[in-house]
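Shared chain: chain A. Partners: chain B in the first complex, chain C in the second.
So, the complex of A and B:
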C-alpha cells in the first residue's frame, strides 16, 4: 500500500471503467448468454392510428425454429395493464389504461402488436413477416392542432378527447400591472421541435424465469435496477422479492432507459410462460421509431419590458405533445412553470399549459427534460435585446440576480442561494470580448461574410437548494452501504446505475479520500437488486451531490466504525486511532500498526471484539443532499453562416460552468462536451419527423435522423467556476444535463445574430440549412 | 434488422462468378463491398436469394494505364483508388471526388464498381463517370464483354443498363486534354453523408476562352445529370464570374429536384446553381494554373 499524499477528489483520475470498455471486455446486456436462451422480435404497427380487426399467427407458428407467438390479447391475459414505467412520472394526472402489447388499437407507427420468440433473432424476424394483422385505418392525430380539435378521433376512448390535461392560469406577482406599466411588449410564438435520445446502445433485456423457484431474473440496460424491478413486479403481478434485476455496462441512455418498458414486460411474461430465458435487443429501427421521443412543445410568450431592458412580466402559454402513451410529458409543464424565471429578476409571471396526446412515439425523459424553459427564456431575452437595439449580454446583466442581493427567491418560489449566473456571464464576456467581436463582425459583413455571437445562461436544480421540507431534490435521499473487506479494500454498494457518468471512478475517489485508502482499493458495486441499496438510480443530474455526498459521509462513518473496532484491539480510545498506509495504529505508535484487513478479520472472529461490533465491518449511510445547491453556467458560440448554402460553421464554442467542487475535471468536461454535442445536434441536425397526414415516421434510419459525429463538433473551451460553498462537506453539484440544456439557445442566438442584416427572427429551434435559406428569403417555401 | 435467408458464394474467378449469376438469374446479386447492399438486406428492402461475393476475384482488383486510359477494376476499393498515383495524374476529378465518399472506413470497403452499379443518384462516382465520358465494361458468360458509355449506363433510380447475368468488370477513363481543370463540390448535412446536391465541373481553356465546359449534378434527378444548357452557354465564352453565374442560373431553371427531409426542391435547385457557379470558377482557375 502506498501513502496517500494527495487527495483524489479534484484530480482527473483515469476512469476505472476505461480498461474494460476500451478493450471490448465490458459486459452489456447484449453480451449476456444464458443456457437455452431464446430471441424475441416484435410485429409492430405500420399505421399511426388504426383499429385491430384481426390477428392471424398460424403461419408464423409453423415456421421451424419458432417457439412461441403471443398476440396482444394473449399477453394481456398474462400481465397487468397500466401505465407501467411511465406511471412514476404521472401521479395525479389522468392516465388511460393500456395493455402491454396493442390489443384493440395501434396508436403509433411501431406500436408492438405481436411477440415472436424463436431460436434466433433472424428466425424471429422471418416469423414476424408471416403474421397477418388486419387494420381498420383511423385518421392520424399528429399535429397539436389536430390533437386540440374536439372533432378529432380520441386516441384513448376512455379519455374522451386528445387533451390529456389542461392546467389553468397560474399567476405570480402582479401580471396585469406589469403589462400596464410596460414601455413595450415583445411577443413571440416559439416552437421546440421533437427529437430524441439516441444512445449508442439501444434498449435491451434478457429475462429468465426459473420454474423451480418461481423467481424472475432480468438483465437489463436500465438507469435504475430497483425502479425496473418495481415495474416488472407490478405488471407481472409478482412479489418484489421474487424479482431480481441486474445491470452491467450501459451504452448511454439520456433518460430513455427508466423502469420496465412494454417490450421488457412482454419478454418477461413470455419467459414465465415458457420457462426459458428470452432476450430482446432493440434494433436501431425500433429504437428510432418506437422507444420514445422528447421535446415537442410550443409556446406563446409575451414579455412586458421597460425601455431600459428590464423584464417586468411574462405571460406564457405552453402546449406539449406527449405522444401516444402518456407518461412524463403530462407533468413537464409544472417543471417548466417553476423554472421559467431562471436566474432573472422577472417581476411577474402568468403560465398556463395544455398537454395533448398524438399518434407519435411516447414522450420520454431526455437529458434536461424541462429544458424548453431555458430555450424559451434565453430566446426571448435576445428578442427583447433586438427590440431595444441593445447588446443581449447587457439585457442579461440588467436582469440577472446578484448573489446576496434581493430577490433571494425565484418568482415561482425556489431559493436562489448560491446562483452564480452573473459570475459566469462576466467570465464569458471577458473570454469573448464582445466589443472586439462586434468590430470583426462588421468587417466580415462588409465582405459578405455573416458571423454571429450568441450566448445564453441557465441554472439547474442539481439537486437544488435545501428547502424547509428537507434536501435531496425530488427523488429523495440517497443510501449507500460500505464494507471493509478482509484484504483491506473497501466495497461500496450504490443504487446509482452509471451509464456513462463514471461513478465507479468518482464515488471511489471520494470514498478513498474520506476513508483513507488508495483509490484502487475502493470497489464500487452497482446493478443488482439483491445487493445494492434501494434508490432511484441515476438521473436528473443528482448523483454528484447525492451519491457523492453519501459516499463521503458513508466513508467517514465506516472509518469511525473501523476505529471503534481497532480501539478494542489496542485497548485504546477510538479518538486516538490513526490510519496511514493501509494500517491503523494508536496515534504516535506507528510501529504497532495493524493492517486494515486484520481489523476486518478480527471483527469476524468470535470473541475478539464486543458482540455488537462482531460481523461484517459495514455501515449503511444515508444522505439528504445537505445544503444542496444550483449548477449552472453560461455558454457562448461564434458562428459563420454561409448564406448561399445555409450551412452553419461553429468557429468557437465557450463554456463557463459552475458545478461546485469538481470531483474529476476530465469527467466533468466529458459530460459538458457530450451535452453540448447533443445540443448542437438538436439545432442543426436532429429531428423526429412525421408525415402530418399519414402519421408515418420519417426519421427511422440514421440516414434520416442525423446525429452529430466528431466531424460536426468544434473544439469546446471550458472554464470552471467554483464559486460558492454552501455545505460544510459536500459541494459537488450535477453537471450531466447542463450542456444539453444550454447549447440550443446559445446556438440559436448566434445564428439569429449572424442573420440579423436580413431581419431574420428565429422562433424555432431546428435550423437545418434549407430552413436557414427559407428564413433569409433566398428560396421560396415549397408548397 | 436481420436479413431474410440467402445463399452465399465466394468465387475466386470472374468465370465462376458469371456462371453463378447465369445459374441463379434474377434471384442473384453480386456483392461488391456491401456498403449499400448489406443495409438494404438488413432492412429487408433487397431480398436476393443468392449473393455472389466478388471480393475474392483478384482479376477485378487492379488499376492499370492502357493507351492513354486509366483502367480501374470494378473491385478496386475506393480508398485504394484515392491513394493511387495514376488516379491523381490521369483522372484528377476522380481523385477529388473520392475523399467526399463517406468516411475512410466506408471507402476501405466500398468499391468503384459497386458504387457505379448501385447507381445512387446522390452518389459521387456516377456523376464523375458521366462527366468524364467513362466507358463501363460489362461481361456475361453467354455474351462476353460489352462497353457501355456512362451516358447510357444510368437508367433510373438505382437502375442501370446491366443485365442480371452481367458483372461490371472495369471502368475506363480517358486522360484529360491539356489546359483542363476540374472541381467537385457538394453540400451534405454532415461530413461524409450523401450530398443533398453535388456538382462536378470540368473546364478546358484555349487562348483564354472556354473551349469546353462540362458539369454534372448529383441529387437533382433519379440519375446523375449533365447541365447541358450551362455547357452550351459557356462554350466560347470568357471565363468570368458573370458568365459562370449566368450559365448556372439558366441551367438550374430546368431542374425539378426531388424533395426529402433534408431539403426542399427549391433548396436543391438553389444549391445546384450555387455549386455549378462555384465549381466552374474553381475548374477554370485550375485550368489556368495547368497551362
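So, the complex of A and C:
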C-alpha cells in the first residue's frame, strides 16, 4: 500500500479519460465505422393513440440506395416479444403484449412503426418520407384523470384498463391515533412534472451480425453491456454466448441508456436478416419525443402535526404516470413508500399508490428515479413550518434523527445507522446564517425586492447500511478481474460502464493505492461483454461503494497472489515480501528486487513456479458492499424573484454533503454540481409538455425543451462533511444522484419563501417565469 | 442527386470531396473526412456541440452546408493539439476537471478558442455569456468556466463565493 502522504485516493487526480476527450480522439457510438455499414431511420407515429389500418412501403423500397424497409409486422416475425429493456424493472407487474415496432396500434407520438435501412442516413430519411401509414385516430389518454376514467379507451386491450397497478393502503405505526392526537393537520396536493434525461449524446447503436459465425456484435451507448446483451439475446432468441456488446465513450445518460431499446432490437434483427452492419443514431427530436421521460407524479398528503412542529403521522396517496410502455414507473411507488420518512422521526405513515398508463413517452430511470419522496417530504416540511409560523430549519431540526439515538431505523424498516442529516443541517445553518439572512430579507422587502431562502435534506441508500440477509443492494454484488501484466502494469476489468463518472480514473486510484503501483500503471477496461465480468453496470449511485470496494479488495488479493509467486522465486515466505518502486523483494534485501513484470513473466513460463500458480497472474474478486452506509446532505438556495418578470436569480447555492470517503474530490464535486444543475433546470426551465386534448408532444426541440446554460447555473459552494465510517476498509458512497434529488425541493422552498408576502403556496415543481407570475397574480391563471 | 466538389483546408491540411448540396459541413467532416471529434448534439443549431472555426469564426457545422465551406479554412478539435501535445486550453481543462462525458467538449473548446482570441483575459460574466450557446448536461458549467479562467492565466481556483 502507498504511504498515506502519497495516496491517490482522496486526491483530485487528473482524469485518464481527458487526453482522448479533449483532443477529439474519443470513440462514441456515432464514431464507429464498420466496412459495409448501413444506416437506419424510423418512421414514427404522428399521433398519440391510433390504430394502424395500413402500411404501404412500396415507394420507399423503390428508392435507389434503400436496402430494406421492414414493417412492424415483419420485425415482429423476426423477434421475440417481451418487455425489452423495461423488463428488468417490471418483474411481477402486469405486462401487456407488444411488439418491437408498433403493429396493431401506436401508443405515443414517436412510436416507431417502420424501419428503413439505406446506404446513408440521408437516403434512409428520404425513404421514411415515402412510407404511407394509415391510422384510425383514437382518443388520447394524456392526463391522470383520463387514465383513471374506466370509460376511457384502454391503451393495451389485454390489460383491460389504463390502471397498471393499484397498491392497497400500507400502514406503519398508529396512523389513526396520530391524526386523533394531532393539534393540526396540514394538507397539500403536490405535483412533480414530467421532465427528462437529455444526455447531450442521443441514443445509438451499431449492430453487426456475422453470417459466417452466427454471432451478433453490437456497439452500444449503454450503462451496462451485460444487461444490454441479455436484452438482445432474449428478443432475438439467440444464445448469450453468440452476442457480444461493446461500448466506448458515452455522452451521458442519467438513467436513459439501459438495456436494449426497441429501436436497438429492430436494428439487430435487420442486421441479422441482411448480414450487414447497421448504424442507428437517434436524432434530438426522436430523443426528446420518444426515448423516454421521467417523473410525472401527483400526491395527496396529510400531515398530522403538533403545535411544536413534530410530525406525528403522514397519509400519502401517490399516482404515477408511467407513460405508454410499462417499465420502471410501475415499481417506483414501492421505492417511494420505503424512503418517504427519510431521516426524520415520522410517527406513523399510511401509503397507497396507483400507476397508470398514458399515451406519453415511457417512464425511464432519471437520476434518482424515486426522488419524489424527497420532494414531497421536504415541501411538506416547509408547508408545516408556514402553518406554524416557524423557521423551516427549526422544523427539520425538531424532527430529524440524531445519530446514535432512537429511532435507529426508518419507520418503513431501513437502518439509519451513520446518517448525518442533522450534522449537514447544522453545517448549512452555520454557512447561511439564517438570522442574518432574515434581516436582509426584511430590508429587501421594504425596498420591493423579494429574497428567499430554501433548504432541504435527503439521504440516499448508496448503497445503504448492510441489511440482514442483503448483499450489494438490489443490483447484487460487484465483481472485478485484475491482472498483472508482463510490463508490470495492472489491468482492471470492470462491469462498470462510465458515461461521465470517470471510473477509469477513480477505480485506478483505488487499485493503485492498494496494490502499490503508480496511478498511470493501472488500466481500467470497460465495455466488452467478452472480457468484463458480469454485472449490472453503472447506475443507482452504486459505483463508489461497489466498484470502489471491489477494486480495493481485488487489488489486495492480486498483491497477495503476486507475493505468493514472488516468494517461490525467492524461496522465501509471502509474508516477507515487499513491493516498492515497481519491484518485489524480500523485506530488507531491496538490492535483489525483481520487477513486477518479471514476476508476471515467471508465472507465464512453464516450470518456474508451482503448477497451481502458473498462468495469468490474475484474480477475480467479488464485493457485497461491506457495511455500506448512507449518502446524503443538506442544500440551501438563496434566490431573488423579480416580480415584474417572474425571473428567479440564484444568489447563492450551498451544499453540505456526506458521500463518505472521497475518492477524487474534483470528480465528486462535478457529480454534485451536475446534479444540482439538472435540478435547477427541472424547476426553472424543463418540462416534457403534451397537449392534453390531442396528445401532441410540444417539447420536441431544444427551442421548446430548455436546458440550463452557463448563464442560469450559479457557482455552487460545496462542503464535505466528515463521514461516519461503518466499514473497516470501504467507506466510499455514491454521489451521482444526490444533487438531482435534492435541488428541486431546495429551490422550490426558496422561491416560496421569497414570495411569501404574496401568500404564495408552491405545490408544483415547475416554476418558470410565467408560472411565477400566475402564482403572484400578475397574470391570469392558465385554466 | 448531383454532387459538387468541395476543396477546403482543415486543420492546416488541404482536403477535398464531392458532396450533395444538402450535405452538412458536420457530416462532411465526420463521415467524409473521418474527423469524428466534432459532435452532433441536436442538429438544429442550439446545443453548440458541432461548433468549429470557419476562417477563425465559430460556426455551427450542423447548420452549415459543406458547399458553403468551399475555400474556407476550418479548425476542428482535432487541430488544437500540436504533435500530440495538448495546447494550453486543453491542458487547463484537464487541470480543472472541465468535462465529464466529453460529448459537449469539442464545441466548448472551439467556442472558447474563439473567445480567447477576441479577449485573452475575459471575466467570469463574459465567459458565461460567451458560452451561453453551448449546452453541457453533465457539469453545471463551473468546471468549464474555471478551465477558461485557468487558460486565460488565472490560477483556476474558484473565486470567493458571492454573498
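Throughout what follows, the second predicted complex is superposed on the first by the 776 of 783 C-alpha atoms of A that agree within 3 Å, B and C clash if a C-alpha of one lies under 4 Å from a C-alpha of the other, contacts with A are read in each partner's own complex, and residues count from 1 in each chain.
By definition in this document, a contact is a pair of C-beta atoms (placed from the backbone, for glycine too) under 8 Å apart; a residue touches a chain by one contact, two chains touch by 3 or more.
All of these numbers come straight from a predicted model, not from anything done at the bench.
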Chain C versus chain B, contacts on chain A by residue: C
Partner chain(s) touched by A:122 [first = chain B, second = chain C, both, neither]: both
Partner chain(s) touched by A:283 [first = chain B, second = chain C, both, neither]: both
Touched partner set for A:698, first chain B, second chain C, both or neither: first
Touching partner for A:478 - first (chain B), second (chain C), both, neither: neither
Touching partner for A:686 - first (chain B), second (chain C), both, neither: neither
Contacts of A:658 with chain B and chain C, given as first, second, both or neither: neither
Partner chain in contact with A:423 - chain B first, chain C second, else both or neither: neither
First, second, both or neither for A:30, with chain B first and chain C second: second
Partner chain(s) touched by A:780 [first = chain B, second = chain C, both, neither]: first
Chain B/chain C common contact set on chain A: 122, 283-285, 701, 703, 709, 711
Residues on chain C engaged by chain A in the complex (per definition of touch): 20, 22-23, 30, 34-44, 46-47, 49, 76-78, 80-81, 86, 90, 93-95, 97, 99-106, 109, 127-129, 131-145, 158-159, 161-163
Residues of chain B defined as touching chain A within the complex: 1-5, 43-44, 187, 189-194, 259, 261-267, 269-271, 274
In the complex, chain A residues that touch chain B: 121-122, 125-126, 129, 283-285, 644-647, 685, 687, 689, 698-699, 701, 703-704, 706, 708-709, 711-712, 768-770, 773-774, 778-782
Complex interface listing, chain A residues touching chain C: 12, 14-15, 17-19, 21-28, 30-31, 33, 122, 198-202, 249-252, 254, 283-285, 499-502, 651-652, 666-667, 669-670, 673-674, 676-678, 701-703, 707, 709-711, 713, 715-717
